[in-house]
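Paired with chain B in one complex and with chain C in the other, chain A is shared by the two complexes that follow.
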Partner chain A sequence: MGGDRRTALEFRAALVALAIAALVPAFVENAYWLGVLVVSMYFAILAGAWNLLAGYTGQFSLAPAAFAMMGAYATGLLGNNTGLPPLVTIPFAILATGAIGLALGRVVLRLSGPYLALTTLSFAEIMRLVASNSINVTRGDLGLPVTGLFQNRIGWYYLFLGTLALLLVLLYFLLRSRAGLFLQAIRDDEVAAARSGVDVVFWKTVAFALSSAACGLSGALYAHFAELVTPDLGTVGQTGLVVSMTVIGGMGTLVGPVVGAFLVYLVSEWLRDVGGYQLIVFSLLVIAFARFFRSGLWGIVTGLRRQPA
Partner chain B sequence: MSLLSVRSVAKRFGGLKAVDAVSFELEPGELVGLIGPNGSGKTTLLNILSGHLDPDAGEILLDGAPCHGLKPEALAKRGVMRMFQLTRLFRRMNVVDNLLVAGRALGLDAAAAAERALALIEELRLTAVQRLDAGQLSGGQQKLLEFGACFMVPPRIALLDEPFAAVHPTMKEIMSQFIRARHATGQSFLLVSHDMPVVVELCPRTVCMNAGQVIADADTRTVLTTPQVIEAYLGGEAA
Partner chain C sequence: MTGALAVDLAVNGLITGLFYALMAIGLSLIFGILRVVNFAHGEFYMVGAYAYTLIALALGVPAFIALPCAFLFGAFVGWLTERTLMRPLYAGYTSWGLMRDEYAVIVTFGLSLLLVNLVDKTIGPYAYRGPTLIDVSRIAIGPILISGHKLLAAGLAILIIGATAALMRWSFWGRQIRAVAQNRLGASLAGIDTAKASGLVFALSGWLAATAGALLSPVINASPDVGAFPAIKSYVIVVLGGMGSVPGSIIASLAIGVIESFGAVYGSYDYRDTFGLVLLILFLLFRPQGLFGERGREV
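Now for the complex of A and B:
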């Protein structure tokens, strides 16, 4: 099936799923489970943003959770220090994380594979340690209190759902555009892309900036939802969850990471009683999907066959 | 003015002189064969001409303007298109999208690029597989697809590195016909090939390299009877 038609089909499926999701609060009144769904959508936005970079552009960055953490601190610190409302501080967080992503993208331009992964992982850990140790600014591990937005979780549910829908719509139009064509070309073969006239440096940087900005947005929303930001938001474990969600759901597919985010987070809630064992389960699933089902659950459902890279 | 001027270009890899003071000119509309034994520096020279390697010395002029040191994407935009010896494609993108990448990157709008891609697909007889991902094609079809991508926007010069290697005779003929037809309209080519009958048939002029140096540059029949070429490349002793 052609790439465009495949993406169009996925997009229609996503719209149906989002329409069904919009009805959920009518049936789920329990605040705890609404909260679980909100956090699932936080991860779905992160997984979708990371998928743009890793799944569609082939840049295996390991810093999505760090960018979410930076977005959370950006909105929290600006709001706390200036009294500006979230309507101003959240866009600031998007711009700030987008700019940092752009700078990081320029630094790691020549790197690929394990070198890119290790460099971005180091960057993520440095950012987390800076947040953790800048006690005078961030209050370190005590956490930074952030103002809330809604009195009940239904407001949060629809804000996250709307943001997720917006992300999917933007991703869909990006993928169908000239930019999407170039990003996927870079993923498959940078040398062939450059030979074809694609400005590889420019488009890789754009992908880093957009993905980081979307992670920053997700983190900023989460900060106001949780009303607290801690460095734990940017741990390697959180990035591991985002990677698991994307790989299990279907890397390089529009809907897969969203499906993966809901599945992994909901299952992790159900498995909460078994503690650390849930991580073993997810790790084994990631290995199994990476080895046997490279197009993920979404690929299995849609019958998509992935050629070996 | 020459279309392409290669002047004293050199490239070393450690102690190895891969390209050693190579000079030649290519006029607009010329179809020049580049032959030589394995390791003679042909692909290294093509890598320099297409911007994938920087030369250590010498200069390259395209339409009289220096172009050495430019990146591959910049050279592609100036009309230097390169086909690789080992096929390089977008394996997870379908045949049409593979062609669209070059079309869109080189300035065609969506409709013009789609029209051009479909015309090329038909000319290269890839219609039956146009919706398949490039990674699902046979080796020969992949070669044809990469070959076609070089012509999404007619280049100033097409640098073709072994387009006929390991390709079925039918597909080889499709490419040969394509090259003949484009050459007749003034398209310039630099064609690297070990397929001597095809070089003789297609290329009025041939450059032969050995050990990084140009050892012959003349009309193809003259080159193939040059004692140095016979000794270094074609096998046997010079008379």
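Now for the complex of A and C:
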């Protein structure tokens, strides 16, 4: 099957990218750049999770950053109020965001295209406003202090890398399975998929729940890494970054969001030093990629490979 | 006492609603003609506020000359958006094939980020306060006190909304736009230039959003991200009023303005911005065609 071969190739490319990332700490000892790479991996998980929903299932949610924020608050609030260790609170955050994702997925089932984007955007904004206004619970815009986990950056680096690799492997097997075919069938033609016996309601909800849980996990890890949770984690701008990374890397491919996240975040850190033009550059790139290169950087790379033949 | 307060809240809510209507009509027209949501609509508003404020302050021209310049600039930005980014949706040269909704979301979302950050970098992140149209600070109309600028701005808004509604209803171009919104293929077979109609709709909605921004600029203190909330409000309104329906948008705008105005006093001030959003989710669940929308069926 062509699709399976394509996915396998993307999977290998993603593993190569992660293997390169695993070697980086041998050469980079600067704590600042290691931190930048950790944040890139935080975004890579979000982009991968959003890609499962938008790229593979065709459900264009605009709430990935809000789910990361909720995951971060879930682990932070539970840990601070009960004193439970992160080993307990992070799985709780995954379950909580997964459950919220399940509920949101049920709510937006009948919506598509612009309606879906609007509803998820409103949901994200409501959640951010609630987090920022519930000052006696979340301390509002001051931010919620959260306990740390590791003393040094290397530990965080490999924890994030391991999580990213694990999620990537899980995603690969999901896509290889019948479930992956169902999701892509829903993306390509929902009516035809339903007529062919795909339980559209069930699989769309599953995709929402899985994607939200992955975002929640990433946000929960980030909370313990940054040791502070603020409502800023859930802004539309953050979702914009996630969308940019996926679109630039290649939507609907395994490797695209991962490579896109590293590229976009590293370049954005570099541009920040040059004068803060990062978001101008990325928004231009997003428009250009959406307009001319639908399959992103990965599509350009594979296109070049195919050209000589 | 509560009677006077209620009147005051109602009037202020209705005035706020007028500015929501300026935003929502444009968004609704765009949805009607291209079936896409413009996620950069708040940035048209922001551009209008900046154009008015900067032309008036930097060039030192009187406010009533800067105002039409801001309108024209908004119309130009709208037209340019259509020409460069929206045309692929129907001219058949997008690489996205059938995923036109997704293309539109990504492109307008990107445009929104671009405009916000472009203004942030070129003009600066500081807030600018726009000049008022007239310098009368308090006018008493019966029991209500209102600033001269607000009264004049509300009057202008009513005038422009009325003119737009009349234009859409009776003019040659308005009829062409409505024809394209009803059936693009049929309209083009009847000899209507659909591309021109789409361009016109974008220019008109850029104009309207810029009008709202410019008229409100003495109140809102223009900053690069000032468009986010009005935009989200107008998404809510357009869904409530029924996407593509101009009268629906106007009524829903006024309703939201009044609901927020009362809700902020009698409900919760901190959560005033969430009322509309909660209403939106409820509507999408139980009445997705909106108050006045017709339930469409695609074949």
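Criterion: the second predicted complex is superposed on the first by the 297 of 309 C-alpha atoms of A that agree within 3 Å, B and C clash if a C-alpha of one lies under 4 Å from a C-alpha of the other, contacts with A are read in each partner's own complex, and residues count from 1 in each chain.
Here is the rule we use: a contact is a pair of C-beta atoms (placed from the backbone, for glycine too) under 8 Å apart; a residue touches a chain by one contact, two chains touch by 3 or more.
Remember, predicted model here, so these are calculated numbers, not experimental data.
Judged by the touch definition given at the top, the superposed model places A:D199 against chain B, while chain C stays out of reach. By the touch criterion defined above, A:L144 lies against neither chain B nor chain C after alignment on the C-alpha atoms of chain A. In the superposed model, A:V191 makes contact with chain B only, not with chain C. By the touch criterion defined above, A:P114 lies against chain C but remains apart from chain B after alignment on the C-alpha atoms of chain A. Judged by the touch definition given at the top, the superposed model places A:N133 against chain C, while chain B stays out of reach. Comparing chain B with chain C, more residues of chain A are touched by C.
In the superposed model, A:I45 makes contact with neither chain B nor chain C. In the superposition on chain A, contact of A:E125 is made with chain C only, not with chain B. In the superposition on chain A, A:L181 makes contact with chain B only, not with chain C.
Those residues of chain A lying in contact with chain C across their complex are 54, 58, 60, 62, 107-108, 110-115, 117-119, 121-123, 125-126, 129-130, 133, 236-237, 240, 243-244, 247, 275-277, 279-280, 282-284, 286-287, 290-295.
Taken in their complex, chain A has these residues touching chain B: 1-4, 178, 181-182, 184-185, 187-189, 191-200, 252, 306-309.
Every residue of chain B that touches chain A in the complex is listed here, in rising order: 50, 52, 71-73, 76-77, 81-82, 84, 88-94, 96-97, 100-102, 104-106, 110, 131, 133, 135-136, 146, 149, 152.
Those residues of chain C that touch chain A in the complex are listed here as 31, 35-37, 39, 85, 88, 94-96, 99, 101-107, 109-114, 116-118, 121, 228, 232, 235-236, 239, 270-271, 273-274, 277-278, 280-281, 284-285, 288.
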